[in-house]
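Letters are used for the chains, namely A, B, C, D, E and F, taken in the order the chains are written, and counting of residues starts over at 1 for each.
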Amino acid sequence: MKRAKNRACDQIRPLRITTGIMEYPDGSVLLELGKTKVLCAVSLTHGVPIFLRNKKKWWLTASYALLPTSTKSRIERESIARRNERSVEISRLIGRSLRSVIDLHDKSVEKTIHIDCDVIQADGGTRTACVTGAFIALKLAEQRWLQSGLIAEPMITDEIAAISVGIKDCTPLLDIDFSEDSTVQADFNFVLTRTGGVVEMQGSAEQSPITGDQFEAMQDLAREGVQQIFVFLDTEMLSFSTVNQSITKALTA
Amino acid sequence: MKRAKNRACDQIRPLRITTGIMEYPDGSVLLELGKTKVLCAVSLTHGVPIFLRNKKKWWLTASYALLPTSTKSRIERESIARRNERSVEISRLIGRSLRSVIDLHDKSVEKTIHIDCDVIQADGGTRTACVTGAFIALKLAEQRWLQSGLIAEPMITDEIAAISVGIKDCTPLLDIDFSEDSTVQADFNFVLTRTGGVVEMQGSAEQSPITGDQFEAMQDLAREGVQQIFVFLDTEMLSFSTVNQSITKALTA
Amino acid sequence: MKRAKNRACDQIRPLRITTGIMEYPDGSVLLELGKTKVLCAVSLTHGVPIFLRNKKKWWLTASYALLPTSTKSRIERESIARRNERSVEISRLIGRSLRSVIDLHDKSVEKTIHIDCDVIQADGGTRTACVTGAFIALKLAEQRWLQSGLIAEPMITDEIAAISVGIKDCTPLLDIDFSEDSTVQADFNFVLTRTGGVVEMQGSAEQSPITGDQFEAMQDLAREGVQQIFVFLDTEMLSFSTVNQSITKALTA
Amino acid sequence: MKRAKNRACDQIRPLRITTGIMEYPDGSVLLELGKTKVLCAVSLTHGVPIFLRNKKKWWLTASYALLPTSTKSRIERESIARRNERSVEISRLIGRSLRSVIDLHDKSVEKTIHIDCDVIQADGGTRTACVTGAFIALKLAEQRWLQSGLIAEPMITDEIAAISVGIKDCTPLLDIDFSEDSTVQADFNFVLTRTGGVVEMQGSAEQSPITGDQFEAMQDLAREGVQQIFVFLDTEMLSFSTVNQSITKALTA
Amino acid sequence: MKRAKNRACDQIRPLRITTGIMEYPDGSVLLELGKTKVLCAVSLTHGVPIFLRNKKKWWLTASYALLPTSTKSRIERESIARRNERSVEISRLIGRSLRSVIDLHDKSVEKTIHIDCDVIQADGGTRTACVTGAFIALKLAEQRWLQSGLIAEPMITDEIAAISVGIKDCTPLLDIDFSEDSTVQADFNFVLTRTGGVVEMQGSAEQSPITGDQFEAMQDLAREGVQQIFVFLDTEMLSFSTVNQSITKALTA
Amino acid sequence: MKRAKNRACDQIRPLRITTGIMEYPDGSVLLELGKTKVLCAVSLTHGVPIFLRNKKKWWLTASYALLPTSTKSRIERESIARRNERSVEISRLIGRSLRSVIDLHDKSVEKTIHIDCDVIQADGGTRTACVTGAFIALKLAEQRWLQSGLIAEPMITDEIAAISVGIKDCTPLLDIDFSEDSTVQADFNFVLTRTGGVVEMQGSAEQSPITGDQFEAMQDLAREGVQQIFVFLDTEMLSFSTVNQSITKALTA
């Protein structure tokens, strides 16, 4: 299996993370994975949705959108057309993933954490890039909230990252890009913890069903990919200790 | 692990299938799984979406909706409020699942197959019940299209069924109902072929991440559940040979 | 005038009523009138619309919708397209009809009664079928509210049923079905009390105007039809004394 | 029964009709009935709705809207909020009424007649005022189309006018105004031909059901009211022979 | 430069103002400028938008809409289609203009002033006609509020009127009508105080850029036009001393 | 008048322009003006709006939107809530400005140029920043179209840039930022050609009207500001000769 730029089957694309790109949200990250570029921002608003009122909890919600020219053919801006259904599905995936690693209970004042993910350029893997980027932005925001005294202790309970895996000619491929995406037999997205625990999994084999063994191989590859992301973060981001200083770090293939 | 009505951990709820409940669609199924009741109908309209025009293909699209009183607390009718985001996500899941086992190419006249799934009563597992019910309704519709000469040969390329699996106190539970759903640690939905091939998988561990082994056990249980569905269908529905005769068949626990 | 299945001009179609089909609403009825099938459910929510607040009243509102495949040609699901104007008109008719026979005053806690009518199959007369079905479901719900102590005394002040009448070749026809509907000169819907009092009337003569005498004949026929419905209910439903037991009763022609 | 301004029970309010108030539509009428003021305009656009294409027919559609300050308490402009349901119902009533007296068949070029009714001031009876005003505007438009050669012969097949009737303390009242409307037991709207034929009828007895005799008395009163309108039109409008000359004619009580 | 009806380049079209045309709003004006006719109404509702709550202020908001047949080709009613973008832009212009000459501070009860502008006939200059008409209606409303004791002292702090100016063949033209509008090189709208102060200015040179000198000439002409409006108002409307008496006054060319 | 960072009253904020930030649109620019950051992209789609069909013309349309966290308090994403009215107004301003300097006539194949402006960070002056950024992106796109042979000769007929001017304590201030914006008496936006010709002007004096002299001073300042922008572009961007090479150039105060 030969991939663009001599990438190995078990190798993620070059990763670049820039923090502090926006001044107003509590945490923001520009995550680039190959040509895919997503901007993730975390902010707080007062109050919670009606179904949660008076439970002394916070809420976390996510929204994902594509800029009109983020794709090869311009897509209609979502603000004009009716809500894009694919974006709805992805927004829900991001929200569930982040809620699985944060403790929202026992708060005196009700607040909602907003995760806003905007895709600047879409070359495959935008939803998993957003989960990873949003997690880092949430980490940065948590530090700010701790420093300002808004929260007394950390809320984040585990670390997650996400990656996609495809199968082409029966071979699993890590982190498929857009051109690969259109030729693979199956495409799965994995949101995993640092230790490989499954937080969210979602995928389909539109071309033809895959076997249990193939699915296991995909899972293994996903764990490998998430490991590569954490190694990069550990090396370059110093455990997120820099709060919203503008830093740009790249993992080159 | 003790379940309601002495159900075993690896046992699906009583299944009942009624065909021919609607006269106008080409295939229709009322599928009941315990207290969950879904109505699935298959119909055809002329034409395909813009992005598919002039490719001599058909298209298949699905939509899922809850009746207002299908849930314990009445929900707003989707026609009045803005589109329910959970329904959007599920509609896409159903559509992808069915498209994975149907050959839509090489058609002289462009048509769209509509899969309409309406939940009459929601007691957990509605999305997987809809996939299974929709597949049976599609089988019935295919027979009608073959008999009328609309299509010359079968379009369906494989057989699928779907089931959910939860994990509670580290034990996997097959086909969880609503009361179980609110206490499980993780909830996964599997769309599998008769031979166990993975067509679609989607789930999350909102309470706490699950291990690879746990996930594997869930998969095994899902295969077991899908097997139970196929045994029921084979025994009771005579390989779908009755075209839209009104039959009601039940698998009792 | 010869009608399908040798039905007389003053005869309603076979009627079948199934109660208790849904577990969560306070009252539910599947009403079948010939091939027309409507599902009517009654439920309560907290609060009232803004214009009624702090008046110690309840409110009653109704909504009517067609399932996509309830008609010969599939119709767009209302949740996706903009609200269907015909459904808006019918929802208002159902709501006004039910409000005319219920006393909503003098309540300590403000609540809204929702009447949800979903058409499973449309073969003419769906709006009148919904009024009749909704009235029966409301009766069942009232009994449940009385038994649970939610209300201290009955709220329903009169009994209603509804039926349509058409005119074809100057002859009035009771309870016209879809194939008759497309050929009649005029089509009127009557909501009447058991004693023949007029609660709501709505109709048009799109083909050509009708005379006062013809209109009077239509009214008489409507009273006859409503009488047939009440006789059936009295005989078969034991004055609604069975609260949400699943019973199926049919009036055959 | 004593009414405002010593009006008799069988007397309509002062009527005033001003034609030619708008320059661009093919026919326009400002109709004032007491304090109720409605502006009705008739115009043409190319093409017909999809369901009518290639049938060599025209289509006629109506829309009704309230200006924000036409009511005692300002109402939200319909363009901002979602479509007002009462306006939907009334728009359909107007459209059906007008379609019942116009022959839309056998046209070489497909066109749609638009009836736009805007309520300047609402003091009861706006929907019937709009039917009457729209009919006069359609007459004027028909003359213009005949004169310009757009149509070769008249399309209007009958003459209609509309009026409301209420029942208060068992007495029928012709043409009730807003203050009466809130106290009546029943409120019916009649669209009748010059000779008293029924074209459309719609009403409800929200307070308490009415008897057949009462309904007959209401019908008689409606015929009387429509007669008063036609006498006024015959006397003052010279059988609509003036095409869009600006004339203002009043019937004073 | 020869204009229709021998109008001079620095002359506004015949102006006609009718007050008291609507009974329910606190102030209403029908302003006619040539063939352009706009209806402006001022009313009050309780409360203010969320961002202003608890600041002891009133709010003023404006909305502008075209009647469907106000233009040469019928336009879709805004209530059905999505909000017209041009109308949004103009609504904001009207709102800002009026807010610049009213003191909304220091109120005990929060209220919102609604300025509703509906275009009956559009022959160019509707947005400036609406600003002028709305200002007069606001003056009338202010008098009513003072007389009823709702406010203790005047809120309006200055007087404004508005007019458009175009440039054709390098010559500035005052108050261009629709036929001129389609041929001018630039089209600017000026909202000015009686003494010529600039309150709002908005315009574009879509055909080709204009020089600073040309722009100055346009400004001078606008001041001239606004002067003509104020002279008319001073002469005919007696400083707005007549509160909502129905008067019609015309300035003929 | 003392400004932040010792900026002079007639000095624009530091300007930075980065091209080639997006791969798919034909031209893209990230323009930073102080803390204000806007992303402008130019792309083409087939076809033109209905009102322009078969006129052998292209069309140019613009859309402006704020990212949710671009402002100090997070704003609702436009895709979920209804369209933001301020964004509608600004989109129209950008579209008109760009259309005034491009020749869209005499094209064989109808196409629409889309100008998409997304605000990453809003610190005042976003609408003028977008006009300037969009113009540069359009220049880059034009070069690409020329090189690919899509167009035979340049379409852009003039050069524009835009800047805002405020008045504070009677002193005009060039390029006001957000904190200044909330204290100024008036705020005007100028779109000017390189030679100072007026293309679009739009502004208001919400606090108190301004005199003609003040307005003239604002215009002069705007010409000065646009001059500063063009000097920067001439020096740093080599007359736009680099087609979508990623370059970042900054004008520091």
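Here are a few things to note about the model shown:
To be clear about the criterion, a residue touches a chain if its C-beta (ideal position, glycine included) is under 8 Å from a C-beta of that chain, and two chains touch if they have at least 3 such contacts.
Every value quoted in this text rests on a predicted model; they were computed, and no experiment measured them.
Steps from chain D to chain F, taking the shortest chain of touch contacts, total 2. Taking each chain's centre as the mean of its C-alpha atoms, the one that lies farthest from the centre of chain C is F. Of all chains, the one whose CA centroid is most distant from that of chain E is B. Once the centre of each chain is set as its mean CA position, chain E and chain F turn out to be 29 Å apart. For the pair chain A and chain C, the distance between mean C-alpha positions equals 51 Å. Rounded to whole angstrom units, the spacing between the C-alpha centres of chain B and chain C is 32. In chain B, the residues touching two or more other chains are 83.
If you sketch which chains touch which, the chains form one closed loop in which each chain touches exactly two neighbours. From chain E, proceeding by way of chain F and on round the ring, the chains are encountered as E, F, A, B, C, D. Note for the complex: chain A touches chain F at residues 21-25, 28, 35, 39, 41, 43-45, 63, 65, 67-74, 77-80, 83-84, 87, 114, 116, 118, 120-121. Residue ranges on chain E touching chain F, taken from their complex, read 82-83, 85-86, 88-89, 91-92, 96-97, 99-100, 158, 186, 188, 192-193, 196-212, 214-216, 219, 223.
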